[in-house]
Every structure is written in C-alpha cells, then in structure tokens.
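Naming follows writing order (A, B, C and D), and every chain is counted from residue 1.
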C-alpha cells in the first residue's frame, strides 16, 4: 500500500498530517514565545487547509463552516490574543532555557512510535491511510501534553493545550470527516471560552505573582520540607 | 408474648431517648419520664428474659426494615433471653440510680438531653444485637451500640484525656466491627446469603472455618477486652458517667461474649478443640494480666475496668474448656462449661454493676476517685460501705456469695479434664486452673486493698473528711437491690442454674450429666458423690456457730468495751500519711510480677541548703505502662503515619508533575490495553 | 419531554438573569427560587418516567431512562438545598468584605451555569454534547474557584483549569474514536447517539472501543478525581467558596462517574473480556486506599473532606467495576447517599470555618460548645460518611463487601483496611474540632441548618429502611446497567 | 444420728486445737533446752483473754469488732468439713475441698480488712504481706489438691479419703510430690517459721502478728483460737489425706476410739517434725518467699504430671 497508488485526495491528507506532525515537533523544541505562537498559527492554518480539502472532496456544506470557524479561531484570534499578552508583559525577549532538551525531543519521537503501536489493531478494519492520520493526530495530542510538561511559561501551557485541541480536530476530520454540526459548534464555543478565560487568568496570575512562571505557583502542597 | 415483651423493651429505651430530646426543646416535659421509661424498658427486658428462659422456645420474626430483599430477621432463643435478663436487671437498677445522679451532676438541659438520648440508644442497640438473626441487622445493632456508647464516653469532653480515650474507643470498636463483618463474609461466601440460618447451613472447609473463627475471636475479643487488644477498656470506661460505665463494663462486655458464643457454638457447623485451646490460653492470659494491672491502679474506676478484663478472661477460659469437651464428644461436660461461663457472666454483670454504682456514689459524695485520697469512709457512708463490701466479697468469690458459685463451677469443669485422652490437654488444663486460682486470690487481694484503703483507716484528704451519706433513697435502692441479688444467688444458685441449663440444651443439644442434682438445697453439677456444695447448709452452720460463740463470750459480760486513742508506741501522734497507700500495699506483688509491667519509678530528692547530707524533701512517683500499648498500638500508629507521609509526597504542588502523572497513566493504560 | 426543555431553559435563563440583574440585596432568594422550581420539574419528570418508562425526545437529542432520572432528581435536590445554604453564607461573606457585589452576581450566574451543565450532561443522548456539557461545567466552576482572588485560589483555579482541560481533551479523543467505530457500521448521522450505540453495541469493533474506553476513563477519571489524576480536586475544594465545593463534590463527581458508566455499558456490550471492569476496579481500589492514607496528613478542613470524596468515588468506581447486579445496586445507592451526606458535611464545614474564621483545623475548636447545631451536624455527618451503620453509607459499603466476597474474595481485606484507615484519618481530625472547651471570642453565626437535618435524615432513612419505590428504581437501573436483575 | 456425730466431731476438733499449739510450743522449748510451759497453757491464756476488757481504738469501725467472730466461724465451718475421726459425715457432703479453700479465703479476707481498719502502718504492712503470700500459695495448694482429685476423681474430701483407704498401701510418686507441696503451703499459710515467725513482734518480720496487733480481750482470744484451729486443720488435712489408715468408717464406739487414737498419734508425729523444722531453719527474707512457694508450685505440677504420665490408665 504505497503512496503512489492513492488518489490525489488521500495523498494531500497524508502530506498535511505529516506537516502537522512536524509543526508540533517544532513547537516542542521552541524556546522563544513569539516563535512558538507563530508555529501554532501555522499548525492552525494547516488544519484549516485539511478541513477545506476534505470539505471540497466530500462537498458537504457544514465542513466549510467548520473550516472557517477553525481559521478564525485558531489562526487569527488565539495567536493574536497570546501575542498581545506576550508583548504587554514584554516577555518576547527572554528565552526559556529548556533543560534536557534532547531527552524531551527523544521522548517526543518515542511517543510518536508508541501512538503508531497503540493504534495498530485498527488496521484490519480500516485502510492504511486512516491508521497513519489517526496515529499522527494521537501523537499531536501526546506531544501537546509533553510540551506543557517540559515548558515553564504559562503561555506555553496555553499553546500546548490549544495544540491538543488541534490534534483532536485533526483526528475528527481525518477519521469521520468531521463531527456532527452541533458537536462541532459546541467544541468551538468551549475552545473560545477557554481562550478568553486564559486571558483573564494571565491577568490574575500576573497580579498575584507578577510573572507567568508556572513553577512559582506551588504554595498548595502537602510535602512537609 | 415473649417477642412482644422483647420489642417493648427496645421501644421503651428508644422512647426514653427521644423524650430526652423533646425535653431539650420543650422544657415543660417532665424529666422523670425519661427514667420511668428506662425502668419500664428494664422491667420488660427482665420479664422477656425470664419468660424466654422458662419456656425455652425459639421465637422467629421478620421486620421489613433494611433492604427490600434482606429484611431484619428476629430470633429470640434462650441464649438471647439470658442476656436479655442480664441487661434488664442492669437497666432496671440504673433507672433508680440515674435520676438523682444526673440531677446533681448535669445542670444544663443540653448535656442532660445528650446523656439520656444516647443512653436510650445504647440500651436499645444492645437489646437489638440480642435479637438479630442476620448479619446485616447484627452489624447495624452492633455499631449503633458502639456509636451510642462512644458519645457517652466522650460525654464530658472538656479535658483532652477523655477525648483521646473516646477516639481510641471508637477506633477499636470500628476495627472490631470490620473484622466481624469479614468473619461473617467468609462464612457467607460459602452460603447463599447473610441470614444466620443460611450461615448455619453453609459447609466450609476446616481451614476457612478456622479463619472465620480467628477473625470472629479478634473482632469480638476487641470489644470484650481480651488481653492484647484490651487497652481501650481501662481508658474509656472510667471517663463515662458512673452509671453508664456500670452499664458498659457490666453489660456491654457480655454482649460481646454473647456474640462470641453465638458465632462459635451456634453458627459454625462444628467446633475444633484447637480453638478451645486458643480461647483457654487467651482467657488465662487476660485473667492473670487483667488482675495484675487492676492491682496497680490508683483510680477506682480504672481498677474496676481492669477487673472486668480479668472476669472476661475467666469467662473466655471456661468457654475454651467447654469447646475442648464439645470437640472431644463429651457434650455433658461441655454443657457444664457453658453453664459455668454463662453463670459467671450473669454474676459478673450483677457485682460489677454494684461496684460501679458504689464508685459513682463515692465519686458523687467526695468528688474524688483516687484511692490514696480517700479513707475512713465506713463511718461517714455506712450504708454505701456495707453494699460495697458485699460487692467486694462477691467479686473476690468468697463462699456465701454468687461469685463463688461460678468460680466453683469453673474449677469443677477444669477438674473433669481426666476424662480426655490427649495427654497434652490433660496437663495444660490443670495449669490454667492453677492460673485461675492465682487470679481468684489476686482478686481477693485487690479488693481487700480497694475496700481497706477507701473505707477503713483514717481519712487521708479533706474531701474524705467531709463526706456524708447520700440522702436520696432511690439512689441507694439500686445498689441495695443488686447486693440482695448477689447474696440471694449466692445462697440459692439452683434457681438461676435451672434457667441457664436449658440454654446449653438449645446450643449444644445436651444439658448437665444425668446424675447432676440441682435441688433447692444443694447443687452437684456432675454427680452427688463427685462434688457437691449446699450453700444454705453452710449459711445455717455459720449462723449457728456465730450464735454459739457470741453467746458464750457475752454470757457474763462484766466488762464492756473501752474506747481509747490508737497506741502510737509512745513517740508522737499518728498522722493519716502514715497509713499504707495503694502503691505501698501492692509493692510486694509489683516486685514479684515486675516483668508483667513497664514500671517507671522516679525519686527526686531536694536537699536543704547545699549540704549533701540532710534531705529537705523526697518526691516519689510511680507510673505503670501497659505492655500491649508499647508493643502493639504505637507501632501500628507510627506505621500508618509513616506510610501516609510517603503517600503525601505525591501532592508536590507543581503543575508540571501533575501533567506528568496524567501522561504516565495514559501511556500505562494504553500499553495494558493493547 | 417538555419538562426537560423547560428545565434547561430555566437554568439558561438563570445565567442571563443573574448576569444582568442590578444591585438587589437579597439576590440569593432568586437563586433558591429557581432551584426550587427546577426541583419541582425534575420530580414531575421522575413521575412520568416512573409510569411510562424511558423517554426519548423527538430529535433523539435527549434520553431519560431509569438510570439517569434519579440522578437528575438528586442533582436538583442537592442544588436546591445548597442554594438554601449559600444565601446566609454568601451574605456573611459580603459582611466580612471578602466579596464584592459584582462578584456575588458572577457567583450566582456561574452557579446557574453549573446547574445547566449538570442537567445537560444527565439528559443528553449525544456523547459529543455530553462532552461539551462536561467542559462547560469545568469552565463555569473555574471562575468560582478563583472567586476570592487570593494567590492560592488563583493557583488552584489555574491548576484546576489546565488539568481538567487536558483530561477532558483526552475524553474528546475517546469520543472521536467511539464516533469513528460507530460510523464504520451505521449511518454517520446519529452515530454519536447513545441509545443507537447501545443497541448496536455488539457489532462495534472491540479494539477501537478498548482504546476509546482508556481515553474516556482517563478523561472523565480526571474529572472524578481518581488517584493519579486527582491533584486538582483538593486544591479546588479548599480554595473555592464552600457552597461551590459542596455542589462540586456532591454532583460533579457523580456526573463524571455517570459518563464513565454510560461508556462502560457500550464497551461491555462490544468486548467480551470484562477489560473495562478490571480497569475501573484497579483505578477504584488504588484511589480508595491512597485517599484513605491522605486523610491522615491534612491540615485544612475542606481538603480533608475533598480527599474523603476521592475515597468514596474510588469505592463507587470499584463497585461499578465489579459489575454484578448486587455491586451495581450498591454503587447506585452509594452515589445517592454519598452526595447527600457529603453536601450536608460541607454545609457544616462552611459554617464551622466561618465561626472560627479559619480553615486550619488547629484553629477550629469546641464547635459543640460554640454552636451546638453546627458541632453536632459535623460530628454526625462525619460518622455517617465514615460508614457507621444507622446511615445509608454503611448499607452500601456492606453490599459492596458482600459483592466482593462473592466475586473476588481476596480483595475484601484491602477494602476493610481502607475503611478502617479512612475512619481513623477522618476522626482524628474531626473530634478535636468538635469537642473541647468553648474558645473565647467565637460567636454563633446566623446559619440555616435545615439542609443538614434533611440530608442526614434522608441518609438515616435510606440506611434503616430503603423505601420500595426507590429500590424498584435502583433495580430497574441495575437491570439496565449490569444486564442481570437482582 | 450422724448429724449429732458431726457436731460432736467439730466440737472435739475445735477443743483440741489449742492443745496442739501447746504441744508444739512444748516440743520447741525442749529442743531449745528451755523449760517448757504445760500443754494446757494456751487454754489458760484464752480464758484470761476472754475475761480481760477489750480496748478498741477510736478509729476502729464495726468491722473491727465483727471480724473476729466471722474469722472464727469460717474456721469452725472448715473444721466441720474436714473429716477428723470418721469419714462420710453429712457435713462433709455439703462442701468439697475447693469450698474449704474458699473458707480459708473468707477468713483471710476479713483478717486483712481488720488489719487495715485502724489505719496504722503495721496493720497495712501485715495485710499487704499476708495477701501477697496467700495469693502465691493458692495455685500451689490447688495443684496439690488437683493431683489428689485426679486420682480419686472426686473433690469431696471424705470421698477421696475413702478411695485412698480402699486402694490400700500403694506408693504413688504423685502423692509424694503432692504431700511435700501441701506441707510447704501449710507452713506458709499458717505463718510458721521459714515464712513468718508467730512469736515475734519485730515489725520487719511479722506478717500474721502485724494484723492482729490492735486486738485485745475476747477478740484476740477468738483470733488466737482461729489460728490454732487453722494449724490443726492443715495438720489433719495432711495426715488424713495422705495417711488415712485408722479412720473410722462406721460409727461403732471402738472404731471411733481407735480413729481418735490414730489421728492424735499422727498429729504428734507431725508436731515433732514441725518443731524440728522450726528450730533448724531460720526465717527467710520476705522476697525469698516467692521462690519458696514457686518451688511448692513446681512440686504440685510434678505431682500432677507424674499422675498423668505414670499412673493414669489411659
């Protein structure tokens, strides 16, 4: 089942999934916040293209709406909001020194292999492409989680969280050509409210510990020193 | 009819509790109703008990409380009837004692309401335990009893020692109840459901039966206060109001014994002699160490609580004997053992209640429970001291009183050991009988100390000096009634023995050996020529002898008695401090049995000026610690704290570690599933 | 079905009303009234379901069957009684100056938002909508946690938000896999509808469903506070206002478990090898024992009872994991009794911390002497939650023990060990707080303790004699869940 | 008729007790080559005491006056139970050996209480030591009694003696052990020399005397008589259980006379041995008594074990 024998549509989907996987890897290793947000916007863009492509090939209308929704949300609104935060806090200059960066990248790769291994049983019920696309989306989710674990900046956590959402959207598009309309709207609404709340919380955190470093927030613990 | 009486006893006790609650909100409801209902509950319990024993039928019923498919099954046979009688007598005497006692000590209505509410619940819980015929209702009644008595132990929760004792008490009750649930669970897994009839029909392998037995023994033993797990008892019982500690010490321990008997003799399909040996050993250990620790106590109520441990040890020892005989196919001697155990629990309930009520009166009049601060009360509280003397004589099993009858029957059971063929058993049992004799003698010594130091001699403190006899007639009526019963059953034991005999008939299927004589005049448990004892004859002989020698000495009484100050060997006045204190009285025994205690003696000398020679003042302090506290309770507590400390490290406070946990669990589960 | 629509519309109206309402002083009254009306609606709904059996809405969007109807009534009831409690509590907080009027309006509108999300989760038939509602519940409560704007509450809210967000995202991935498996067999239009999935459960591809269940279990498990994923729960409970933590531990945890059970019913249909049961049992037992141990080291009263919630959720997961008819009945009963008693306890905890001005347990002393109602309420509530018989918690724990004795006897000692340790942990902290001399300077506060009395009374009634109509309800639900009648 | 016989036997038993005490003093004085008072001296002392006016301390309570009568009655009851001349008398049927121990406990209980009543140091010391020694002696005594009842399979004294008589002269090792155990216990219980010195008032050593220090007049007479009776009881117990030959089984005059002669001779032999022991051995320190009684207990256990292993027919 090599790539040449597939029609144009599946080839496009596969390349798109490869690119999305690449962007999440890029985000993993990124120290600077502004660049991180830019790569996240790129991932949003790729996601919109895949949705558009899928909508075009199956020409059902609601996929177009979800493509527009994703574009406006994931490419325009959230990156803009995050960038404004970073600039207000003028954190765009300091680079987060990622400790043991190589081990994080290696574990990212192993997560990718692991997600392929996990989704192996699905192979005998659906086509090869489905397995690859799903595996990539699972790895995007896992990498998003790894991104949150390895970074100390709150903004990086938000980006990680949003990239997990991207991974989920990608899985939905690829596996079942998008969720039912109601669910699509609900999820988009939740993501929007989450983004707004993140903004509010940035404000509160800055007022309470006047830095967005997550490790400073560990007053609530039960380990007596 | 019996069931009606049994139910009315329970309902009356709950009613007395609820009236106390109503009284809290509407003070015009008369307080006396609470005690009247309590008395009615005691009376109906006595009637139900006696009726159940006389008719010796089994009454079965179901209440549609509890789960729809597991309603509450009620079972009232002669074993529950006997314990109904015990509880009835105790509650009836309490209902006379409590009014004046609570009137004086509990001023504000809120604490009175709490006290009477939980007394009602406590008594109702105990009565329900006796009626239960399925594990579900048994456990509900069992822990209702524990919770209600917890509130009573934590009654005056001002000082922290009471709170600690109450917490320890409830913790032990909870752990005991969990073990009992596990024991029922083990049996139920081989039967179809949780009713006792199903458990009786369940067929377990001997291994599982022994597991169930051990769990039940620890569970019930924890509540009864057998040695290694008894430490909560002397902490919890003394802190409750005295008529409650009388109920708890006298009667609640018996309900635990009832549970043990019901489980071992009734539910388990057959009995093994190894269990009997286990019971025998634990019983002996509890008896000896119980009385040894009782000797060393200064607080009167702690002393009485430890002596309860001793008496429970004796009961469990005799139960072990009866189990050994039952396993070796000698049902008559097993019946004799069971008879001795049940009679001793009956007698113990009587005289322990009497002693605790006496202690309550002493505490009430002198606000002092430390034996070293009392003394000379016999002249100030003549009636109480006479009743307390009767209690002391029966607990140290002197011939004319009921304690002696059950002690005598216990020895008779032990002496029947010659019938067994297993050599090891025939050597262990006499040794444990000797330990029983040692316990009886130590009990006599302990209660000589108690009565001698409290009532005789010269008052050691201002409180003891100012004490006056209580004026309330009803408060004295309760111990007087109990003392009368102790003396009556000491002289005419066959009246109660007939009733208890058909309990053994129902449980083991056989009563005393055929040639046994339980006539009004004398009792011979095995056969007339084996051993017989006729208390009325002894009484008549004693009265005759006393009369004769009194008549001889007072025939030509020329010289009446001369009262003179005590002779002080000529060199200076005698002071009360010269009298023997409790630690002095028990010093020889403490030195002889020193390995049994953890003794910390400290002597501080303060020198006058800087010379090393003349001593201004010497302070001697003695503290006795219980072995099982150091070797059993504290290691468990520290273990749990250490493990909790390790577990606490999960909550590091850092969000990234939490996300790490989430990722790790996800990967682990995915790997497990794939 | 109009009852369901009116229920949802009422709560939605509640959000909007409170958000826009002006500065009325007794704003709490309206909240109580709204919850009261919704309670009435749910009772009517329950009556109809009880007579006519399962209700399916026209567009198959909403499904009311015997399983979730009693949960809806329970949610409405606890919501109503907690709103009764929150009126005086919030008024007192305003007096202390810890809250401004605007934040009070935010509190009430978010309260209604949370109730809307709860009703939606319970009534919806569409797994996607269930996920959206669950996410909505998180969003509604995250603002409540940070209501007091103290650094700790901000930190707790952030952790709550991130951890639950990530957890819920995994649940979404599980739902997508479920949707993928469903769309393989039938038409993709109503592939996410639970009733449809339940009928075709046997044809679904077992492998995909196993992986989907793992994601769903971890997702909703985070919301439920199962041990490795529980870290946000004690922080959120101890920093948020007490009525919120009462509702959170009383209702939100139940709904997360409800979602997991809905999925387990699908997975059990598809896979034959009881894998879902074993996973739940493992998770349940671990969180039961670990939370029991956590109880011993707590210093904050609300953290103590949040760990007790984790412990009880662990026990319920274990009960539903076993899966037999008896265990399921025990789980359902435990759900009801636990939320009743736990919300009652949180009411007394709220008042206790208000009386002594601190949440540190060392600062709370002599409650019975200061305010007897609060003191006795807390003591009896703790006895009930620790599993002492006259109350319902003992009955359900007894049945769980009975079920484990039948299926997995070697697990019972662990359960008993857990119950014993949890009891010791709870009581060593509660007893010093309740007893002792009256600390000077502490005055009794105006408190509405009717909810506590009603809840403990119900729990006592359930413990002593479960009424027939309730036990029929439970047995219908058990038949639905475990497939075998009692 | 045999009720009358029982009463006569008890009366005789009580009457002869002081004579035994007098004979014992007589032997000790001979051994320590002092001039000995006549055998009847104890009777004269008792008579003198009954006539003297008893002086009672003001701190004493009613118990102080009642205790002597109770102690004396208990001893009389014990005397009625122990077969002195004839066996299977009606009174011996009403109580067995455990009840006998009970009577001793009854007497000791009241003696100790009387000691504590006045509130002086001596009384407390005496009671404390008496109770300690008696609680150590009880298990040893019971072990000796156990061996006897195991062989005769009855706890009734006359039944046991009858059993031993019917069996005739069989040398049983268990009986030898039991005999020595009972002798050691008897010495401890009656307060003879190695454990307690009856004739001293030195506060360090006296146990029995310390309790009755405050008594005078007829009360002292009763207590002295009771302790003499106790010594006689132990003497009769030892002689009749282990050497029962010569006891009267029927109530003919010759059998009774012969029985009386047998018991008197046995008591004389015992008295000589006791006097020899008392002069040869010095009084032990109080805390050596626990080893002394531990040894007695060991003897009892050995007796019981030898019965089970060597002699039992199983």
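Keep in mind that, in the parts below, a contact is a pair of C-beta atoms (placed from the backbone, for glycine too) under 8 Å apart; a residue touches a chain by one contact, two chains touch by 3 or more.
The structure displayed is predicted, hence computed values, not measured ones.
K.L.:
Write down the chain pair with more C-beta contact pairs when A-B is set against A-C.
P.N.:
A-C
K.L.:
Could you please state the distance in Å, as a whole number, between where the Cα atoms of subunit A are centred and where those of subunit B are centred?
P.N.:
Roughly 70 Å separates the two chain centres.
K.L.:
Taking each chain's centre as the mean of its CA atoms, how far is subunit C from subunit D in angstrom?
P.N.:
A distance of 79 Å separates the two centres.
K.L.:
What's the distance between the Cα centroids of subunit A and subunit C, rounded to whole Å?
P.N.:
Each chain reduced to its C-alpha mean, subunit A and subunit C end up 31 Å apart.
K.L.:
Round to the nearest whole Å and give the separation of the Cα centres of subunit B and subunit D.
P.N.:
35
K.L.:
Could you say which residues in subunit C touch two or more other chains, in rising order?
P.N.:
158-159, 162, 166, 170, 211, 234, 294, 297
K.L.:
Can you list every residue of subunit A that touches 2 or more other chains, as numbers and ranges?
P.N.:
Within subunit A, residues 118, 121, 145, 148, 157, 217-220, 222 contact more than one other chain.
K.L.:
Which subunit D residues touch at least two other chains?
P.N.:
Where subunit D is concerned, no single residue meets two or more other chains.
K.L.:
Got a list of which chains touch which?
P.N.:
A-B, A-C, B-C, B-D
K.L.:
Which positions of subunit B touch subunit D when the two form their complex?
P.N.:
375-376, 378-379, 389, 393, 396-400, 404, 408, 411-412, 415, 418, 421, 423, 426-427, 430-431, 433-435, 437-438, 440-442, 444-445, 448-449, 451-453, 455-458, 522, 528-534, 537-538, 541-542, 545-546, 549-550, 553, 558-567, 574, 576, 578-580, 584-589, 591-592
K.L.:
In the complex formed with subunit B, which residues of subunit D make contact?
P.N.:
Touch residues, subunit D against subunit B: 50-59, 61-63, 65, 69-70, 72-74, 76-77, 80, 91, 93-96, 98-99, 101-103, 105-106, 108-109, 112-113, 115-121, 123-125, 127-129, 131-132, 134-143, 146, 149-150, 153-156, 159, 214, 217-218, 221-222, 286-287, 290, 297, 300-301, 304-305, 308-309, 312, 314.
K.L.:
Which bits of subunit C are touching subunit A when the two form their complex?
P.N.:
My answer: residues 126, 128-129, 131-132, 135-136, 139, 142-143, 146, 149-152, 154-159, 161-162, 165-166, 169-170, 172-173, 176-177, 179-180, 183-184, 188-189, 191-192, 205, 207-208, 211, 234-235, 238-239, 294, 297-298.
K.L.:
Quick check on the complex: what are the subunit B residues that touch subunit C?
P.N.:
Subunit B residues touching subunit C: 64-69, 110, 136, 139-140, 142-144, 147, 154, 157-158, 160, 163, 166-167, 170-171, 174-175, 178-179, 181-182, 185-186, 188-189, 194, 640-641, 643-645, 647-648, 650-651, 655, 658-659, 661-662, 664-666, 669-670, 672-674.
K.L.:
Give every residue of subunit A touching subunit B within the complex, in rising order.
P.N.:
114, 117-118, 120-121, 142, 145-146, 148-150, 152, 157, 214-215, 217-224
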